[in-house]
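Lettered A, B, C and D in written order, each chain numbered from 1.
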Amino acid sequence: MSNAKIRMIRRAAREIEPGMVVNLGIGLPTQVIDQLPPDMPVCLHSENGISGIGPTQPYDKADRNLIDAGGAYVSPLPGSAYFDSATSFALVRGGRLDLTMLGAFEVSMTGDLANWKIPGLFTPGAGGGIELAQKARKVVILTTHQDRKGRSKIVRQCSLPLTAKACVDRVFTDMAVIDISPEGPVLREVREGLSVEDVVAATDAPLIVPKGEIPRF
Amino acid sequence: MSNAKIRMIRRAAREIEPGMVVNLGIGLPTQVIDQLPPDMPVCLHSENGISGIGPTQPYDKADRNLIDAGGAYVSPLPGSAYFDSATSFALVRGGRLDLTMLGAFEVSMTGDLANWKIPGLFTPGAGGGIELAQKARKVVILTTHQDRKGRSKIVRQCSLPLTAKACVDRVFTDMAVIDISPEGPVLREVREGLSVEDVVAATDAPLIVPKGEIPRF
Amino acid sequence: MRFQDKTTTIEAAIAEIPNGASVMLGGFGVPGTPFCLIDELVWQGQTGLTIIKNDANETGMGVDHLLKNGQVARLITTHIGLNARAIEMMNAGDLKVEFCAQGILAERIRTAGAGLHGFLTDIAIDTELAEGKHRVELDGRISMVETALKADFALLHAEGADPFGNLVYAATARNFNPLMAMAATQVIAETETLLPIGAIDPNHVHTPGPFVDKVVTLNELTKEYAVVQR
Amino acid sequence: MRFQDKTTTIEAAIAEIPNGASVMLGGFGVPGTPFCLIDELVWQGQTGLTIIKNDANETGMGVDHLLKNGQVARLITTHIGLNARAIEMMNAGDLKVEFCAQGILAERIRTAGAGLHGFLTDIAIDTELAEGKHRVELDGRISMVETALKADFALLHAEGADPFGNLVYAATARNFNPLMAMAATQVIAETETLLPIGAIDPNHVHTPGPFVDKVVTLNELTKEYAVVQR
């Protein structure tokens, strides 16, 4: 993984506060977990029915009945619980999920999220993503700042089908930390080695740049 | 208990078929259980969260956490299960309760049941009675044929607030067995020692009396 | 990684409840009723409460102490037949009582817990409980809307709990407890035994820890928890 | 008193399913998927089925056999990203696919199981999944009606079962199984182990026996149940 991505993941890990119940989406978000202090009290939820996800297991030690929503073989911790899918989403919709970290195809300047469908190309269904995006108390996105063709993922308006409207609180990319505020996207931090101008130039949506020094990560 | 009531309870017990899931209301219905053959496969449900109610326990042997909906201390059987109140009524409303036996203040000729409220006199709330009456696959009533003032409990039209409309399939009294048919109440059986005329005279609703011999119980 | 420790004292837990709060109480009759949490609420004396509970216990027990002490403005329940005081207060207009069919109360609480707005049912459609209910016609069938019922606080009784708030209930003491655990902003569980973290098999947890905010360990059970000899 | 014995053979249990039936299948990925019951359904060859399952498994496993064999007319699901055949068939118009948000699918199934008509939610309200949904305004808030989803059959996978049909599931193999157990006219459970009646603590039962119609004991687990090495 690139140094920039590693920085992004390390920075995102600081978003997790002691005592939180957190759901990490497949891909980059899952890797955040390795960056947490080992003694930090945090409860990882997976929508297929577990609170308290423990370390991923190699195939030869895996429990065939214990996976996370991405299909990875995980393990229980002392204090874990298993439950059915209705209870699992009750936890999400009922307000007990403090934070979710998700991937994105596009995030709009008003916090709309598109991450589940590319018409004609990628139509697998939304899974649990809609409820995570719409109902977690805090929704943060982990994504490369631009796609493979160099197009900004932070856009004025989503062109793809929405996962949820006005749901994103904060975006972590390999270039910046951006908050979605009522006034629009605000540039909060810039990656070490980049300038504010680099980020603004790489972003489709107009960024609000606060006065004074922008912190680096 | 009077001999007539004992006959009623014994007759009602024959309504329970092997394999049924049954909910017995407080009072007379609960006593039906003692009349069942000991080896008969039947599962007793109580709406406070148990399938497979075992024998009632004396106070010195009672489990303080194990009661039926009437507050009697009961016991588990090998094969019992405990569950929450939502699951318990899912079982009732979802069609898994084959039979309920309930008490009545009034049963109308179209099968309306009133058994939960006497305005100004008795207003405790309906508890689980409405769902039992409305959703059990078969609803049978156990009641004295007349109240203490000699008034028929099988009436043309209920005067009391309804528990559920057109829900009763069959009524067992200390005088008769009466089916609620689409044409009205049909006299099916008469208690030993009574005549058909005795029953008709004691009943407010007009009874349909089939031709031929009416069986005795 | 480890789990948050949610254990606290009964005084501190109940002190969070302000006057005028809505409070769900677990229990169906004696089993599952959080008598010690209720006693502390009586002791602290918060008033104007909306109480949501299957029943009003019996005279001299549980909810009845709150009624006697004048702390309850409103009771949402299914059956109060074993509490003469509750019926008297209701008839005298000193207590506002809202009756639900029992499974509908359970489901309204669960619906709030599941983050849904309400559900559609035909239960009680031909009874006086149907009065004033919003109706919807779908596929030619009439349903009534039952709204989600949430509360500021839920007070639960568990047989066992670990410090993270994973709960297990005993026999029919389960009843409304797991539903209320989902449906309140602050969930306070009293437990007969505080178990070490990891002592509950994850397959046997009845209420997962994330639903619970505070765990209070009972030193001893008061006589109200015992078998009732009538 | 004793409990009914619901054990039967896999052939007899699956033979009850007619062409055109709606069939719920437990499982989220591999865990909880009733692979042996599905294999028997493939063997018997019933066609025109409506399948309700969280996902379409992976190519070469579970639901995929039914798809490949041309037995499925319609699939109600949440995510089929791991099954290229399902996506191809959908895109080619050979398979009608209805997508639900995952928790909404779970809740629609549970709602049917709870004997309710539907529920009100704002989930997916600003997405294309909201198209065509009936809307209700209550207290100034817009909700969509999600309808109860029932089926003719539910095929479940349990870790253990007793002859009456009390079921226990292992870890995340629970998922949709207990919900589907409530929501089908005929519920058929395969179990890894048939336990003697009374062997399951009543406090640890995940699906109570009254919800289950048939219990099928598996002789051995096929390789599809094993850890998937990708």
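One rule holds for everything that comes next: a residue touches a chain if its C-beta (ideal position, glycine included) is under 8 Å from a C-beta of that chain, and two chains touch if they have at least 3 such contacts.
Model, not experiment: these values are computed from the prediction.
Novice: Going by the touch criterion at the top, tell me which pair is linked by more C-beta contacts: A-C or A-D.
Specialist: Per the contact counts, A-D leads.
Novice: Subunit A to subunit B: how many Å between their CA centres?
Specialist: Distance between chain centres, rounded to whole Å: 56 Å.
Novice: Can you check how far apart subunit C and subunit D are, centre to centre, with Cα atoms defining each centre and the answer in Å?
Specialist: Between these chains, centre-to-centre, one finds 32 Å.
Novice: Using the average of all C-alpha atoms in each chain as its centre, how far is it in Å between subunit A and subunit C?
Specialist: 35
Novice: Taking the mean of the CA coordinates per chain, how far is subunit A from subunit D in Å?
Specialist: 29
Novice: Name the residues of subunit B that each touch 2 or more other chains.
Specialist: 50, 76, 82-83, 86, 89-90, 92-93, 135
Novice: Among all residues of subunit C, which ones touch two or more of the remaining chains?
Specialist: Residues 107, 110, 114-116, 121-122, 170-171, 202-203.
Novice: When you draw the chains as points and link the ones that touch, which shape shows up: line, ring, star, complete, or other?
Specialist: Per interface graph, the chains form some other shape.
Novice: Any two chains that touch count here, so list every such pair.
Specialist: Chains touch in the following pairs: A-C, A-D, B-C, B-D, C-D.
Novice: What residues on subunit C touch subunit D, complex-wise?
Specialist: Going by the criterion above, the answer is residues 107, 111, 114-122, 134, 136, 138, 141, 143, 145, 147, 168-171, 202-204.
Novice: Please name which positions on subunit A make contact with subunit D in the complex.
Specialist: 46-50, 59, 62-69, 71, 73, 76, 82-86, 88-90, 92-93, 123-128, 130-131, 134-135, 161-165
Novice: Which positions of subunit B touch subunit D when the two form their complex?
Specialist: Contacts found on subunit B: 18-19, 21, 33, 36, 38-45, 50-52, 54, 76-83, 86-87, 89-97, 135.
Novice: Give every residue of subunit D touching subunit A within the complex, in rising order.
Specialist: Subunit D residues touching subunit A: 28-32, 54, 77-82, 87, 90-91, 97, 99, 101-107, 109-110, 121-124, 126-129, 159, 169-179, 206, 225-229.
Novice: How about subunit C: which of its residues touch subunit A in the complex?
Specialist: Spelled out, the residues of subunit C in touch with subunit A are 1-5, 110, 112-116, 162, 164, 166, 182-183, 196-198, 200, 202-203, 205, 208-211.
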